Every structure is written in structure tokens, then in C-alpha cells.
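Note that subunit A is present in both complexes that follow, paired respectively with subunit B and with subunit C.
Now for the complex of A and B:
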């Protein structure tokens, strides 16, 4: 066993706030050894980032370490002076933040920012620093490092920026890198590149990594050991294999079951953990998880659980903080009830509810001066020639990387963005440019971030009653209140919430309110724009379950826009894959997940990290960057990144969508050739 | 009753708002009950007692006509606060509506309105006010009109920028998707979220307006003598600055005190009006 590098010994951290003292971290002990990758997982607000920041001596002004020691190479950094801490951060510990856009200073070139640290801390010359920075960029396979060094942060893509932050962190040859959700802001295709780079770095250097995340797929790919943190306390720790195969703490088990994954059984609802994270200001005396635990006993809520060592197969210490560790739990969920109006079967020949034909949405950028000088406007081809249809009661999932135009597509259907060309037919009627109250009643939208989609100044009563009043559904005051209560019941929120303001609710609860508002008018078509992306893993499943229940009750059709393929697979009957404003593949969920694949779909599917050890599939790394939608490539838009052999037509002719059994592919390759492709996932995963 | 208690308990947690609101209410009380507080008639001439030093009889001494300085300063509160508050309210309402509409509509309407505001702003404020006053003639109402016109563009800019922050929030899109009319979105969805900087701007403006009004009076274009007005007092005391320097100090102190009070209140309101703070009470 390698010697410990970072030891966190019985550390408690609290924050002073207006409402009281927040116990962010409570008596956590863990250690990161030389050369290992330690993954710290937990929900948002569980204190995992606070702990990691404290390990670097960073705490906001109102935070303080109440007890315990943080030892780095045997020295207690809580006693370090400012200058010592500066040296620690500059030389020995690197940091990679969640958002690469805000981590780099936009005023300086990449090169200057890379060299700054080593020039200051190692007192080396500029020339030498430049040499080292260049060597580092080459080592992590950044194309054309010389020109990258001279560029400003806004001139490179998000994925590249995150690779640069790795280079920055590695440049001083640190012993430890702390990574705070470094891939959360990235697309899956960029994420996989980043993870590959990390694996490579680890095989070359002996750097230890403290990786903070909530993504179990990444944990399964990278981690040596895993620590699970809940409400500021470590609840379980063990080797990756033990944690995935034999988790002992009820919380860890719940977390493992609530992950929506490709391999999830689609016949059953996803498991979602009941309850909420406790209030960290007034914590219960016993185990913090007791109120949400299905096997809690009296002792759980009165006494703090002591550590238990569980023998593990691989000999790595497996620690659990639970009175009832190892109690068998049931995570069985109800079967998904089949929808009557579902696409397929006897309804196959019914009329589509919504049909989109050759829809185009171009954004023109022209300023007053441009018009005066008669410049040609710069055009962004957000949605370019998209056609599909949706049956009553059906869910069509739309997937694609960020910036591919999937959200614009949703907005164009709702007429929130005026379509440039093409038609949208609703029940056979052209609604492309029509604005009417009855349409607003039939077509609704649920947004990604409930923080932004609910007016912070309005109470839930105002939010829920407004659509009822506007569309004349409620007849009088008493009726209005009754209907608001019914809406809260519908999304399983307590009736006492009616007069609360949005900020008094948790993220998942807010999203429920947004859903209730959309369903207040009984719409027959709802656009769900990344509805689960801003939520914690443990509540995502419950939101998807709710959407499914509502769909069955109201016969609603969904356009489910998401970049999360697992969520899309769970809820959708059909999936459309979008790349740079165009659809490249449309088909039933089973068709899209099996060959024939569009080369892009295959790359997208293979980039997913699954919570399985080892990963059951090989990933395809896409070369190059996504081209700008303002200047898309000629011919097939995917050709610049396509890994299959290309013919001349690829760069000259836009491929048409070819349909077979309702499965459409837009590729110049022969159908038979695509069909001969190897499946990404083993068949056992998709049943 | 409980409402007053909530207001009080909120104020106590924000020191600058607390001090600011106490000072402002003090000023308002003084302005309301000015004739009762003033020990002498501010207009009564007393040639025998010119330039009297501060005494028990005349706390701040007397001016060049022997008028009681303290009474003049007290009565001056009325004109100054009257101008300050009315201009701020006019600017907040007019400028706020112009800015919100312009920001929400965007495109050509926005460009047209904002360019018009830019033209107004291009004139130095005091010169523009002088121009308006020399056209309209000098009176209290005209002073209010003149300063309001110079102040509206700035408030409109503040309102527009705060509107632009809110305009792209998803609840605005949700309202559009629901089929709401423009006026509803503007007044019910947008305004409550954009009003905070406007209110803060208005409260800080009060001090600034009093300064401008005083400058105009000092130049002889604002309120006319013998009305007790701080700017006017400074204007006439200027001639005697060596004989009786204190005459100029009192109105300056009054102006500074008022400006600071409203600035404190504005600073405090900025913190309190945060929606998350409102909910905590």
C-alpha cells in the first residue's frame, strides 16, 4: 500500500450565516495515498466540495475548521501561514474546477496563464517556462500548442479549456490534483476525451487525484477508492469494486439504484430515494440519513453510528458508518403501465399529433452599423431542415451535444422563436406562425432550470393559478384554490406549500411546480427541455416517473430534449439524434441503440460512462472540434469528425434521410454497411 | 402591528438601512412640522441683529438681514425634500417605464428610445436644466420639471439594463408560452424582478437632486428669495464669506446630512430588496 499523501483527520467545518451555523462537514476522516484516484461522491450540498477546498486551505471568510487536522505529507496545513499555503497550492497541489469558462482569466493568453505559476513559484526564466508549458501541452495531445499558447480563453472550445486547466495543474509537477466535477459542464463526447487524458496522465506520472463527482459512470471508470459523503459526514468508503458490488450503507445502495443507466430495466420505474437532504443548521442527533432510511431503527435517530469494518474480497479497507450496515434492502419499483395511446400497435395508423416539416431557424446577427454599411448579416444555422412527427401519447427524445440546436427546435415549435422556414402542423393545422390562446393551452414547455423558470417574486399560488385564470379554467375563487391544491397533489407536493415562494423549495420540488404549471391547462403536447439536467441524480428518476405518470393520465405527447442518453432511453419511445442543426438519425429507442448506427450516434452512445466495472463497451473518440453552426461544413455536416471512410459525396452532397421500418439514417454509407456495424452495448444490456 | 414589527426587525439586521431610515424619517418629521419647530419667523427681518453669532436665542446665528438662520435651515428642509422626493419619484416612474419597455421590446424600438435618451444625456445636466429654466422661467415647479428631464435618461438606462438581465429568464418565456399579453409580462413578471435597482437609484438620486436644485438656486434660477432654500442661502452668504463664514457652513451641513441619509437608505434597500432576503423575514 502506498504511503498516505493527504490525510483528513476528524475534520469538521462550519459556516456562519444569517440563519445560523451551518455544519457543512462533520468529523470526516479519510486519506488519499500517493498515486491513487480517490473519488468523493455525494449529492449537491453534501459538503464534498467544501472538504476538498479545505484540503487546499481555501475556505470562504465565513467558514472555519472547527476541529481536526488536515495533513499533507505529514504536515498540518490548518496551521500554515498565508505564504506557506500559497506555496502549497502553487507547487504541490493542483486544482481543476467545474466550469472551465470561469477558471481562466479572459484578459490573458493561455500561455501567460500557464507560465505564471511556475515563473512565480520556481523562479525560472520566461524562456524556460515557455519550453515547459509547450512540452506539457504536447504531452496532453493538444493540437498546435504554439498557437494555443498565444490565444485567449474565448478563442478555444470548452473541452480544450478543460484540458488546458489540467495542463496548468500538472505543470508544477504536483503530488495531488483536486478535481471538482471537471466534466459536469462538458458534453459526453468531450467528457470521454477528458477522461482518456486523465487515464494517460495517471499512467505516466504518479500524481494522486481527489475527484469530486456525482457521476457514477466516471467513478466506475477512474477511481481506485470511493468515499460517499452524506449531509457532511462520510457514510461509506471502500475500493471501487466493493462499493459497486457490495455497498453496505443504505444511502450508497439507494444512490446506486437511483442512477438512470442504459442498462436500466425499462419495464419498471426508476428507483428514487424518498425525502430530502436534512437541514444542516439543525441536524438530528443520530444518523443524518435515518429520516430517509427504510431500515432505520430507534437507535439510528438517537446515536451517531460508529465505524464498522467489513471484510472485503480485495483486502482494501471497507468502512461503513451505519447501525444497520448490510441489512438487505428492497429497491423494487412498480411496473410501468402501458399507455393506451402509445405509438405502435393498433394505433400505428392514427394521425400524428404534431408534424414538423423542413423546419429551419436561422439567427441573423446584424447591428445597426452593419445595416447602414450593408454588410451581409452573419447567419447562425441553429435548426436546418428538420422533419419529424409525433403521435398522440408518444415521447420523442431529442439528443445531441450542446449547441446542436435541440433547444431552438423546441422553441420554434412553441413559436417562442419564429421559424425562418418550414411548417409545424398541429393536428393537421399549420401553426408555424400562429399565435392563439387555444394553441398556448395545447402546447406547453418545461424548462431546464427551475430556478429560472419560476418567477422568484411570485408565490406558488400565483404561479399555479395564473394559467387557470388566463385560460378561463377556474370559475371562481374557491374553485381556483381547489384546482391549485389538486395540481400540488398531482405532482406529490404537500398542500402547505401553496403560499411559499420558489426559493423555499429544493431543486426537485421546484421542477415539480414547473411541471404542475405546464399541466394546469391539460396540454396535449409538452416540450421538456433538459428537465432533469439541473437536478441531483437521486431526484432525476422521480421527475421522470412523474412525467410518465402524467403522460398516462393525460395522453400527453412529449418532445424530450436532453443530452443525457440514459434518461432519454428511459422515457422515449422514439429518439431523434441531432448534429449541428440537422437530424442524423430517427428511430424507435431499440433501433437507435442497436446497429445500424449513424456514425455520430455510435460515437455518442460509446462515449457514455456506465456505472459498471469494467466498462462493457469501447469508446470512440471523436477527433477535432464541433464546427461552428455559423459556418457549417459542406455536404454531410459530420464529415469533419467522421471516423469512417469517406467518399466524395460526403463533402459535396447533403445526405438524405433514408428510412427502413420507420428507422431513418442520414448517411452516405450503404445501409448494409451500417448494419454490419458492431453493437456498442452487449445485447444483455438492452433487454 | 405585526407588519410594523417585521419592518423593524428587518431594518435592525441591516445597519445602513437602519441608520438611513431613521435619518430620513427625522428629516421628514422636520419638514412636516417645520413651522412648529422653527423658533422664529424665517422671513422676519431684524436689521439690528445682522450677523449675530450663535447664541441661545439664535442657535445658528443670523444672516445679513438679521433673519434667524436655524429657522431658515429648518424651513429650507421643506423645499429641498419636496424637490428631491418629487423629482426622484417622477424619474423612477417615467424612466423606469421607458427603460423596461425599451429593454423588453428590444430591436428597433429599443434602439430608437435609447438613442433619444443618449441625446438627452449628452447635454451636461446642469446646463440642460438652465436651458429649460431660462425657457420656462424660474419657479419651484419648473425646477422640478427641469431636473426631472435631465434625470430620466439615467434611470431609464438603469431600468433597461436590469430588464435585460431578467428578460431572458425562463419564466418570461414560460409566460409567453402560456399566451400572456405584453403588458402582463412587463408589469407582473418583469417589473417585480427589475424594480430593485430602480428604487435604489431613486433613493440615491434624492441627494443628488437636492444638490442640483441648490446649485440652480445658487445661480438664481431656482427658488426665488426670500423663500428659505439651502442653495439660495449659500448663494447669498457667498458675499459675506469672510465676515460670517458660518453662514455658508450651516446649509452645506444640511445638504450633506440629507444626501448621506438618502444614500445610506439606498444602500440598505439594495440589500433588503434581494428576493431571497425578503423571504427570510
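Now for the complex of A and C:
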């Protein structure tokens, strides 16, 4: 066993706030050993980031370490002076942050920010520092490092930036790198490049990694050991294999089950853990998880659980903090009742509810000068010639990387962005440029972040009563209140919430309010724009279940826009894959997940990190960056990143969508050739 | 910063100035009162009035009058000040120079006092020193200038502490120390008024920037406190301050009427007031246009300075 590098020994951290003392971290002990990758997982607000920052000797002004020691190579860093901390951060521990866009100073070039640390700490010359920075960028395969060094952060892409922060963290040859959700802000295809790079770095150097995340797929791929943190306390720790195969703590077990993933059984609802994180200001005396635990006993809520060591197959210490460790739990969920309405029922070929024909949305950004000089208008081709239809009660999932135009597509259908060309038919009627009250009533949208889509100054009552009054649904005050209560019941929120404000609710609850608002007018078509992306994994499943229940009840159709393929697979009957403003593949969920694949779809599918596949499966790395939609490649838009053999037509002719059994592919390759492709997932996963 | 950006900002400034000149000319045209009447007095005969109107081109259509005027302005000919019967240009330049001296001293002082104060207050947020800085700067901005000016006169030019002259003006070319002592009190008044502006702007922006991710990441890369504050935070925090500074320069040039009045200082602000009260239309047009020019020029310079510190400004 390697010697310990970072030891966190019985550490408690608290924050002083207006409403009281927040116990962010409580008596956590863990250690990261030389050369290992330790993953720390937990919901947002569980204290995992606080712990990571504390390991670098960094706490916000109102935070303090109440007890315990943090040892780095045997020295207690909580007693470090300012100068010692600077040296620790500059030389021995590197850090990679969640959001690469905001972590770099917009005022200085990449090169300057790479070099300043080593110039300051190692007292080397600029020339030498530049040499080292260049060598590091080359080592992590950044194309054209010289020009990257001279660019400013806003001139490079997010994925590129995150690779550069790795370079920055590695530049001082640290022993430990702390990563705080480094891929959360990245697309799957960029994420896979990042993870590859990380694997490469680990094989080359002996750097230890403390990886903070809530993504089980990444944990399965990277981690040697895993620690689970709940409400500021470590609840379980063990090797990756043990944690995935034999989780002992009820919370870990629930977490493993709540992942909405590809291998989840589509015939049953996803499991979602009941309840919420407890209030960290007034914690109950016993186990913090007891109120949400299905096997809790009296002792759980009265005494703190002591550590238990469980024998593990691989000999790696497996620690659990639970009175009832190892109690088998039942996670059986109800079967999904398929929509028996007009879709999927007997009269399957009814009229489509919504039909989109050759829809185009270009954003013109000609300047004053361009217009004066009569230049050809410069356009961003956000949505370019997209056609599809949605049946009543059906869900069409739209997937693609950020910037592919999927959100614009949703907005163009709702006329939040006026379509440049093409038609949108609703129940056979052209609504492309039509605006009417009744249309607003039948077509609704739910946005990604409920924090910004709900007015923070309004109570839920005001929020929910607005659409009811606007569309004349409620007749009088009493009726209005009754309807608001019914809406809360519908999305399983307690009636007592009616006069609360959004900030008093958790993220998942806020999203429920947003859903209730959309359903207040009984819409027949709802655009769900990344509705689960801002939520914790343990809540995502419950939101999807809710949407599915509502769909069954009201026969609503969804356009479910997301970059999360697992979520899309769970809820959609059909999936459309979008790349750079165009659809490349449309088909039923089963069709899309099986060959024939569009080369892009295959790359997307293979990028998903799966928790339950022990060996990382072979993923296709897409070369380079997604081209700018202002200047898309000629012919097939995907050709610049396509890994299949290319013919002449690829660069000259835009491929048409070819349909077979309702499965459409836009590729110049022959159908038979695409059909012969190896499947990404074993058949046993998909049935 | 690309030359295209500079050229663009410059063209933008010219267009703005053109619009302003039209507005100024139009407004002075529709002011009540006949220019010929003003010159000849109320007992002039109709014939004499008509003759003068013809001579001055007052009966020409608007665009022709404007054309003649702007053509003159572009050639440095602002016409004659009717009330003083002398060419406007030398008078204007003299007054502009005086106001500029006042403005320059004030703005330099405000910059070197307010920005460090703002940074200090931000870094020691909610401390006693921060509170004192905040409150005293508020007092400065809430008391009207004439009151501040008068108080300063009582304090420093009164019978007790007769340190500086209370009013008047001495050219710098004549007697440097005399000239300096004459502008001490007006400059002090302006600084007291403006400090709160710049200080508050710098403080709030600095607090905002210090909480940003990139400052945290700079800290976590082990950079020293000085590098974090002065290299990473300050440059970003100063961007909005530059804009506010430019607006304040405009204020200093054009709107210091009260200060110049209190200290009997011959600046351009007083000249505007004089032009209005004596119904001297050509003088009014010239002075207002000059102030507008200064305003635009300062904003143009601020745009350039902004482009220098902010690499994201890059017009293609």
C-alpha cells in the first residue's frame, strides 16, 4: 500500500451565516495515497467541495476548521503560515475547477497565466518558464501550443480551456491534483477527451488525484477508491469494485440505483430517493440520513453510527458509518405504464400533433459597416433545414452537443425566436408566424434553470395563478386557490408551500413548480429544454418520472431537449440527433441505440461513461472542435470530424435523410455499410 | 487593440458630434426672440430690422443657415459674440483653458485618491475604516457644491485661516504659486464631490471581482496576495471605473457652473451662463458645441483606454 499523501483526520468545518452556524463538514477522516485516484461523491450541498478547498488551506471568510487536522506529507496545513500555504498551492498541490470559462482571468493571455506561477515560485526566467509551458502543452497534445499561449481565454473553447487548466496544475510537478467537478460544464464528447487525457497523465506521472464529482460514470472509469459523503459526513468508503458491487450504506445503495443510465430497465420507473438533504444548521442527533432511510430504526435517530469495517474481496479497507450496514434494500419501482392514448395504441397513424418542415433559424450579425458596404449578410446557421413530426402523447428527444442548435430549435417552434424559413404545423394549422392566446395555452416550455425562470420575488401562489388568470381558466378567488392547490398536488409538493418564495425550495422542488406552471393551462405540447441538467442525479429520476406521469394523465407531447443521452433514452419514444444545426439521425429509441448508426451518433453513444461496465468500453474520440455555426463546412457538416472513410460527395453534397421503417439517417455511406457497424452496447443492455 | 477598432470609435464620435451640432443649432433657432431685435434694441424700425436680418442671413432656410455656421466652425470661425462685440474663438479658448486646468487637477487628484481608497475599502470590507470611508464620501456627495465651496471659503479663506484666496484667477504664466493658490479651493470642492463616485464604483467592482472564480483560482495557484490583488483583480475592477471617470470629466468641463460662480473663476461654465443671460446666440452655440466636443473626445479616449485594458474588445 502506498504511503498516505493527504490525510484528513477528524475534520469539522462550519460556516457562520445570518441564520446560524452551518455544519458543512462533520468529523470526516480519509486519506489520499501517493499515485491513487480518490473519488469523493455526494449531492450538491453535501460538503465535498468545502473539504477539497480546505485541503488546500482555503476557506471562505466566514468558514473555519473547528476540529481535526489536515496533513499533507505529514505536516499539518491548518497551522501553516501564509507563505507556507502559498508554497503548498504553488508547488505541491494543483487544482482544476468546475467551470473553465470563469477560472481563467479574461485580461491575460493563456501563456501569461501558465507561466506566472512557476516564475513566482521557482524563481526561473521568463524564457525558461515559456519553454516549460510549451513543453507541457505539447505533452498533453494541445494543437499549435505557440499560438494558444498568445491567446486570451475567450478565444479558445471550453474543452480546450479545461485541458489547459490541467497543464497549469501539472506545470509545477505537484504530488496531488484536486479536481472539483471538472467535466460538469463540458459536453460528453469533450468530457471523454478530458478523461482520456487524465488517464494518460496518470500513466505517465505518479500524481495522486482527489476527484470530486456526482457522476458515477466517471467514478467507475477513473477512481481507485471511492468515498461517499452525505450532509457533511463520510458515510462509506471502499475500493471502486466494492462500492459498485456491494455498497453497504443505504444512501450509497440508493445513489447507485438512482442513476438514470443506459443500462437501466426502461420498463420500470427510475428509482428516486425520497426526501431532501437535512438542514445543516440544526442537524438531528443521530445519523443524518435516518429521515430518508427506509430501514432506519430507533437507534439511528438517537446515536451517531460508529465506523464498521466490512471484509472486502480485494482487501481494500471498506468502511461504513451505519447502524444497519449491509441490510438489503428493495428498490423496486412501479412499472412504466405505456401511454395508451392515441400514440402507441391501436390507431397509431393518427395525425401528427406538431409537424416541423424545413425549419430554418439564422441569426444575422451584419454590422453597420457591412450594410453600408452591401456585404452579403453574415449569418449564424443555428437551425438549418430541420424536419420532424411529433404524435399526440409522444416524446421526441433531441440530443447534441452544446451549440448544435437544439435549444434554438425549441425556441423557433414556440416563436420565442422568429423562424427564418420553413413551417411549423400544429394540428395541421400553420403557426410559424402566428401568435394567439390559444396557442400559448396549448404550447408551453420548461427551462433548464428554475432559478432564473421563476421570479424570485413572487410566491408560488402568484407564479401558479398567473397563467390561470391570463388564460381565464380560474373563475373566482376560491376557484383560483383550489386550482393552485391541485397543481401542487399534481407535482407532489406539499400544499403548505403555496405561499413560499422560490428561494425557500430546493432545486428539484423549484423545477416541480416550473412544471406545475407549464401544466396549469393543460398544454398539449411542452418543450422541455434541458430540464434535468441543473439537478442532482438523485433528483433527476424523480423529475423524469413526474413528466412521464403527467404525460400519461394529460396525453401531452414532449420535445425533450437534452445533452444527457441517458435521460433522453429513459423518457423518449423517439430520438433526433442534431449536429451543427442539422438533424443527422431520427428514429425510435431502440433504432437509435442500435446499428445502423450515424457516425456522429455512434461517437456520442460511445462517449457515455457507464458505471456498471467495469472496463471502460471503447470510445470514439472526435478530433478537433465543433466548427462554428457561422461558417459550417460544405457538404456534410460532420465531415471535418468524421472518422469513417469519406467519399467526394461528403465535402460537396449535403446528405439527404434516408428513411427505412421510420429510421432516418443523413449520411453518404450506404445503409448496408452502416448496418454492419459494431454495436456500442451489448444487446443484453438494451432489451 | 486593432486600428479598425480605433477608427470605428472615431467615426462614431464624428457622427455623434454632427448630430449634436444640428440639435444645438436647431434649439438656438427656436429660442424666442429675434436676433436682429436683440442687436438693434426694442426701438428699431421695421426697415432696419429687415435690413439686418437680410444681412445676417436670418431669413435663409434652416439648412443654409446651418451650413454657413458649421462651415465657419470647421474653419475656426465661431462668429462674433454680439454682447461683447469681439470674435468668439479667442475668448472661448481662454475660458476653455481655464476650465481644463481646473478639471485636470481635479480628475488627477480624484483618481489618485479615490481608486486606492476604493481598493482599500473593498479589501477591508465592513471594517471600521471601510465604514468611515463610505460615510465621509457620502457626506461629500450629498452636500451641494455651492455649500461645500462656501464652507471651504469660510474655513480656509476666512478671517481665521487665511490660507488661500477666496475668489479670482491668476494665469499660470504670470505667477505660478499665485495661480496655484487660486485654484486650490475650487479643485478641493470638486474633488470632495467626485470622490464618492469613483470610490464607490471601484469598491463595489473590486468586491465583485475578488469573489470571482479567476481570483480564487489565482489564489489557489499559490500566487502572493499582492499579485492576486494588483495583477488579477485590479485590472478587471478598473474597467467600469474608466467609464465613470470619463463621464466625470465631462461633468467637470461643462457643468461646473456653480463652482465657477462661487469662486468667480473665469471658466467656460460661466461663459455659458453669460451667453444665456445676455441672449448672445452665437456665443451660446459656440460654448455648448465646445463642451459637447470635449465630452465626446473624453469618451472616445475612455473607449480607447477600455480597449487597452480589456482584451475582449476586438472589433473585426
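We take it that the second predicted complex is superposed on the first by the 668 of 687 C-alpha atoms of A that agree within 3 Å, B and C clash if a C-alpha of one lies under 4 Å from a C-alpha of the other, contacts with A are read in each partner's own complex, and residues count from 1 in each chain.
In the analysis below, a residue touches a chain if its C-beta (ideal position, glycine included) is under 8 Å from a C-beta of that chain, and two chains touch if they have at least 3 such contacts.
This is a predicted model, so every value here is computed, not measured.
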{"item": "Partner chain in contact with A:467 - subunit B first, subunit C second, else both or neither", "value": "first"}
{"item": "Which superposed partner A:456 touches (first subunit B, second subunit C, both, neither)", "value": "first"}
{"item": "Subunit B versus subunit C as contact partner of A:478, first or second or both or neither", "value": "neither"}
{"item": "Contacts of A:127 with subunit B and subunit C, given as first, second, both or neither", "value": "neither"}
{"item": "Subunit B versus subunit C as contact partner of A:445, first or second or both or neither", "value": "first"}
{"item": "Subunit B versus subunit C as contact partner of A:306, first or second or both or neither", "value": "neither"}
{"item": "Residues of subunit A touching subunit B in the complex", "value": "18-19, 368, 411, 414, 416, 435-437, 439-441, 443-445, 447-449, 452-458, 466-467, 470-471, 501, 503-504, 514, 517, 521"}
{"item": "Subunit B to subunit A touching residues, read off their complex", "value": "13, 111, 169-171, 173-174, 176-180, 189, 192-193, 275-276, 279-280"}
{"item": "Residues of subunit A defined as touching subunit C within the complex", "value": "53, 56, 58, 82, 85-91, 95, 97, 99, 102-109, 116-117, 120-121, 152, 154, 168, 369"}
{"item": "Subunit C to subunit A touching residues, read off their complex", "value": "8, 212-225, 227, 231-232, 235-236, 309-312"}
